[in-house]
Amino acid sequence: MSLLIKNGRIITASGDQVADILVEGETIVAIGRNLPAGNARVIDASGLLVFPGGIDPHVHLDMPFMGTFSSDSYETGTRAALHGGTTMVIDFILQKQGDSLRHALEEWSARADGTAVGDYSFHMAVTDFNEETKKEIKGFVDEEGITSFKTFMAYKGALMIDDRQMVGLMEEVKRCGGLVTVHATNGDMIDYLIAKHRAEGKLAPLYHYLSQPEVTEAEASERFAAMSRYTGCPGYIVHLTCEGALNAVREAAKCNQHVFVETCIQYLLLDASLYEKDFEGAKWVMSPPLREKKDQETLWAGINQGLVNVVATDHCPFMWEQKLMGREDFSKIPNGHPAIEHRFELLFSEGVQGGRISLNRFVEVACTNPAKIFGMFPRKGTLGIGSDADIVLLDPNEEHTLSAKTHHMNVDYSAYEGRAVKGKVKTVILRGQVAIDNGECHLKKGYGQFIKRSKVTDHI
Amino acid sequence: MSLLIKNGRIITASGDQVADILVEGETIVAIGRNLPAGNARVIDASGLLVFPGGIDPHVHLDMPFMGTFSSDSYETGTRAALHGGTTMVIDFILQKQGDSLRHALEEWSARADGTAVGDYSFHMAVTDFNEETKKEIKGFVDEEGITSFKTFMAYKGALMIDDRQMVGLMEEVKRCGGLVTVHATNGDMIDYLIAKHRAEGKLAPLYHYLSQPEVTEAEASERFAAMSRYTGCPGYIVHLTCEGALNAVREAAKCNQHVFVETCIQYLLLDASLYEKDFEGAKWVMSPPLREKKDQETLWAGINQGLVNVVATDHCPFMWEQKLMGREDFSKIPNGHPAIEHRFELLFSEGVQGGRISLNRFVEVACTNPAKIFGMFPRKGTLGIGSDADIVLLDPNEEHTLSAKTHHMNVDYSAYEGRAVKGKVKTVILRGQVAIDNGECHLKKGYGQFIKRSKVTDHI
Amino acid sequence: MSLLIKNGRIITASGDQVADILVEGETIVAIGRNLPAGNARVIDASGLLVFPGGIDPHVHLDMPFMGTFSSDSYETGTRAALHGGTTMVIDFILQKQGDSLRHALEEWSARADGTAVGDYSFHMAVTDFNEETKKEIKGFVDEEGITSFKTFMAYKGALMIDDRQMVGLMEEVKRCGGLVTVHATNGDMIDYLIAKHRAEGKLAPLYHYLSQPEVTEAEASERFAAMSRYTGCPGYIVHLTCEGALNAVREAAKCNQHVFVETCIQYLLLDASLYEKDFEGAKWVMSPPLREKKDQETLWAGINQGLVNVVATDHCPFMWEQKLMGREDFSKIPNGHPAIEHRFELLFSEGVQGGRISLNRFVEVACTNPAKIFGMFPRKGTLGIGSDADIVLLDPNEEHTLSAKTHHMNVDYSAYEGRAVKGKVKTVILRGQVAIDNGECHLKKGYGQFIKRSKVTDHI
Amino acid sequence: MSLLIKNGRIITASGDQVADILVEGETIVAIGRNLPAGNARVIDASGLLVFPGGIDPHVHLDMPFMGTFSSDSYETGTRAALHGGTTMVIDFILQKQGDSLRHALEEWSARADGTAVGDYSFHMAVTDFNEETKKEIKGFVDEEGITSFKTFMAYKGALMIDDRQMVGLMEEVKRCGGLVTVHATNGDMIDYLIAKHRAEGKLAPLYHYLSQPEVTEAEASERFAAMSRYTGCPGYIVHLTCEGALNAVREAAKCNQHVFVETCIQYLLLDASLYEKDFEGAKWVMSPPLREKKDQETLWAGINQGLVNVVATDHCPFMWEQKLMGREDFSKIPNGHPAIEHRFELLFSEGVQGGRISLNRFVEVACTNPAKIFGMFPRKGTLGIGSDADIVLLDPNEEHTLSAKTHHMNVDYSAYEGRAVKGKVKTVILRGQVAIDNGECHLKKGYGQFIKRSKVTDHI
């Protein structure tokens, strides 16, 4: 079966051309003017922008949490992602301290395999680095195609590794050709502040915010960059939110170091004033928390400076009832917010239509860099001959409004309720199949594949 | 007439695909697998890399200097460039202090028009910004398609403008949609050191180097970035050479500012030890001078960090006899060295084959960014449907040696004599015509066109 | 004649002791408990703080300006200084461009000698550095006891020297054992902004402020520090006002450089909101202008960090009628404000009583560091055996209010009208003579001596 | 009993005067010219420098370690200190994890009380901060006169506290009016490197050095400064050794923070090349290790910039036989080197005579700042009326050579064997008693007193 997408304005991270795209099977085979349709299904893209499928490298689907799970399954989550132009996600496997990486991989695969609608991969979160864990790294890189290893500098006793483990992991991951990613906040300081606020009876969502001040992120980012520099292991900071943390990266640049930086769409668009809404602030309880307007400016600038490489979501939705677990105590509010469906359109609307970033930069941070950094390029992340036919058609001028009533994520509130967006995803193709058209999903549960990834490089 | 380039590995700044390219007339019309040849001339690119034509945005051809001229004319210079994979150059028109911009444009056009073999454009160097000059800016941007305005913070009395003029120019250029570029060194300090060295009888080429210490460049770069930030005018630093200057840019990044940075191939590869060779050092007398090994490391890192955007040459060749004008006094050595022909291959060899940068990054800094920053994208700088068919086929494995005996530049020495290079340009196409093949140039004098450029943006 | 000051709490920059001070002639001869009075006049200092006489190293008395003069003569100015606890000042001789240093010295000496009530010295402002000027430097250091050379990076055409002159001057001053001080603002940028505002009809005092944004000072401070580092000449920045400029110094500290920093009392206490008062803002039209609250914080912190070494005034008073010269055009308002009388008490009140600095630090920045940096220590700036008996008795608890009605400066408005001050100078002694007592000055015009200064060092 | 020290050149941190000092009992009562001798013992100080007694705020005497003790007792250690001009030391009480602060205080007091010859105090090292520990802080400050609390960011499982404890401690110490001091190195990274080197059979003293690279100290210093800034608790970094760490402090200065910095004499004078001497390098095995020449430059500059406030020793001597415990494994070498006797003379010789620092600065960092920062000023640290008569007479021109044969410390090697010193301590007075004269100690064991200290301030 083949598809011919006609007359779209095709945008890649470094291209801008009006042309047709011919797809055969799962693959793009030609881009050109007036390509013959043959027996291909023709999709008219006149007036539309044609992008590579979005890649969200930071999501948490069906994630076990305090006896329950994040509310989007691999099915609902990847389907919602497709609605919003994201054709692939990377989720996180969490090692249980005291247990093996492999065991966690099996557990996560059991939930995802045969369930996902869109394509997916996993980062392997190493929460207990020891001699046994060390032996498993090479197999993940060479055989499982899982080449990125997530670490936590917070959540002591559950997820956190100390700096000794971090340096040890970095040396092993470097040796094997992988990448270490990090949740970079100073967990000890945060634990202190949480305990202090609770002891003082300060229990509202606002105190979630006040327990994770900018310094906790700046400090840890600086520390992570120092360890990455010392070991020479490629490093990647997830969900960087603030000026202090980006300045730590900028300072590290003076030592000729390159550490990749991801921010998330919410840190570009929302700010901490939302925590002043009493318990409604729980909708945006996530870690790190939302920051200030000055931080938004810093992040947009960082994208244009080439220092912020990726815009993700850290999608981790919980139903309002689940959020209510923390009604009496902010520290019990499940962390996370729903965004997997909106990242692509929001970044387009605020970034490109808002005049903050170019079309090429949009594709770079939403599609291409995630693919490159995580070892899937050029199969994913661009529109090239031989690439997977993951394609998004977007009408740049169509305005619409986000709402829990209309979104496709399995969560009963929207973090962006009522927000106006300029630019709407019209058609999405995943590996040659029309996934989304006219607001309908045409793919079945299980269509999504696990994508094996290659060894990584610190040069993209 | 059409061309079909078959089976090459096509690399753009964000693409990597094995495919055919079909060219009709001057334009690329299709990229795909197994494109039908029709009556097109077929060029087999199997095993070759296929790049966009290189763009060197910093050259000086036929430049008047002390009663003589730089030794490459627009003919010999652009032809040599083509031999080395560079299909377009941007030269500098120099306003004469006291005279108009337009008069200088006419003078430069007279030398270039009908002479160039490859495509070209001009930056307009503003050396005397006053009320009359101010009135000319808009016309250059809107009508002449000359949107970048070069300034000098050195060469007082000849080319230098002071900071008052700089800020005034920036405000006007910003208003008109242009870009201010700068030779950022502290000319006053340099003039002092030159005079001091001469007074002390220190007259060898080494003292050219010692008269332009790193601080003179770091200081001026910092100052330029500050003025660009204050005015909001997009800025671009030409031929940045050293750690101190790049750190000034990195520091400016913390103020959320983006200033574009160009380095030149020689600053990545050569170092100041060459000035210890007595008068032979005159071959590399240029401004700024070559720096230290630590600066090379900084520049390569800056490329990977996304902070160094362009690799150019500052090509300004002089015959050895011309260089001899300064035998008794370094300050009389004509500044500049020949590199227009070698930039593309040297950057490929040392950058890509040397494992320092990726293929995509190579294209970004050698082709795409110059086109984007200077308003010629996507017509130039990439391989896309509708783009000019400026195409380079390079054999990544062919090794060869640079020499004045074999180069095509009109200069009787090589700054890279005997240097081994891995990767050789085999075929070059300019606007659909085979320009270089088998080491021969097939284009005539005058084929090269003046390319009008668009308004610029600080978002690329 | 002798004096015995009994039972005061004697504070120096590193001492804190309750004791008696015995003065014989002009000199302190003993400090101790229960010193015998002999035939000495006894002054009871119980409950008072006893400080070294304040030194204000930045004043402009009887300064020629646009056909008139700053309104305090050496008589009225030094007398007012004494009233406020400042026993010595350093004024500025301004070389006339095209003329010699010596000629200016003669002119200034003619106005000061035999006129001053308090002690004084001069900085020599070099506004035209050339081969002739260069020859004069050594004589000023060795014979005149004038070892500090002031430069201006602003006021082109009148006072400014360019960077070539600056570097040349620094090398000569270093060779001779002197110090280069600087008014560090980018005059070219400021000239641009002044002209622009005037052209736009923006003529109120507010535009004086808006014509000298922080960047103009930060940039020049960074540039000056770079030149000082390159030449190795000790440097001193006068009237540093803002975060950007102090950060430039802090950044220079990373290169192991030490550059001395002076701020003025007004930059610690007043802010730019005063410019919003229509023409009344003219009272505070000075260069640099008042800054923001965040800058005040930075300056106080800089004092405690040891990076801001001196608090001066840049006292340069003009009668309201003189200020009115700029009623229609801010650029015609004579620059400067009256503060010579209040610096000591204001710094005590806001710094020490306000809990911002220690008593020792107060003496360090108001007395000792000026003496050390400018080569008068230990004769001046401390209370030691053999030091000049320049002594201030201050009641730390007496509250009073500043006003033009009560001040002793020859100016008809107060820049601090109505400001409450905690701490009052009660008695002042200059070289063993009671200068001020009970609010009366007991010294005659001409008592003040010109103090020859020693070669300087960058180690204090 | 009284003493009259005649005609010395008396130097304090801000004074320089030739005069006599009269001592009655333990106290200075007068400073002046030609003071009457009365029945006082007269000491002729003509031609000598007269300094306040040195204070070494970082020593470890009789410190329990692996079943043995550091080789200097409070008797031998404080006596050796007196020989070298140091009249007071501050030692460290180490809390045992799981045990109370008080219990440790009792243990340490038992060893020191009645034993010391010179005066002393203790820092309280908090190695286990919990609810019980928290309750003890106030008592130490208010009743015991122990106002500084030492922390370790290294030595996990023995001395280290985590950042949660650190922040908690800081808040409590701030509340009580104390100061938190820190051994700032990243213990986790160091533990990793030690284990790695041992696993690789790299067991020589050189690997002690290579296990503690600059980054481990820079990182921890930055982190400590961040926590100090966040909590507002005054902070003090002990034994800072390197450029990276001082730059962290300089960067913190930009946030208007002041954190006190101590370096030690060995980091100013010795460098890591000593570790290349096979096992002899064990003599200088200490933590942090010696660094590079560039770090020495940074530290001297830091002193002149006012950012390095104190020069101490971290004196912790071990006999050669004790050092041999680590012959087969660097990690078993007892850490520390003997310096308590030499600090004052070495700093004078290399600092003052070497032209690197002024006489005043010498006193500031060797005497006055330790007294001020740790709450003993003006009783200790200066020469003022009412101050303890702790006085050192030093002949600035006498040259001598350091050696284990002649030193007074109880250790059988010298870390400075054969080093020439210009300037020799001739006479030392402690609280009015001649302690050292003609190379003999005239004080008995037990003369030394425990000095209660006051609440501290971050303004000195």
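All chains are identified by letter, namely A, B, C and D, in their written order; residue positions are counted from 1 within each chain.
Note that in this section contacts are C-beta pairs under 8 Å (C-beta built on N, C-alpha and C of every residue); 3 or more make two chains touch, one makes a residue touch a chain.
Chain labels with UniProt names: A, B, C, D = Dihydropyrimidinase.
This one's a predicted model, so the numbers in the text were calculated from it and none came from an experiment.
With steps allowed only between chains in touch, the distance from chain B over to chain D comes to 2. The greatest centre-to-centre gap from chain A, using C-alpha centroids, is found for C. Listed candidates were B-C, C-D or A-D; the one reproducing the A-B interface, defined as more than half of contact pairs identical by residue number, is C-D. Spacing of chain B relative to chain C, judged by their CA centroids, is 51 angstrom. Spacing of chain A relative to chain C, judged by their CA centroids, is 57 angstrom.
Taking the mean of the C-alpha atoms as each chain's centre, chain C and chain D sit 38 Å apart.
Residues of chain C in contact with two or more other chains: none. Contacts between chains, counted with the stated touch criterion, involve the pairs A-B, A-D, B-C, C-D. Of all the residues in chain C, the ones that touch chain B in their complex are 156, 162-168, 186, 188-189, 191-193, 196, 213, 215, 218-219, 222-223, 226-227, 229-230, 251.
Those residues of chain C that touch chain D in the shared complex are 10, 12-19, 22, 29-35, 247, 250, 253-254, 256-258, 297-298, 300-301, 304-307, 356-358, 360-361, 363-364, 368, 372, 377-378, 382, 384-387, 457-460.
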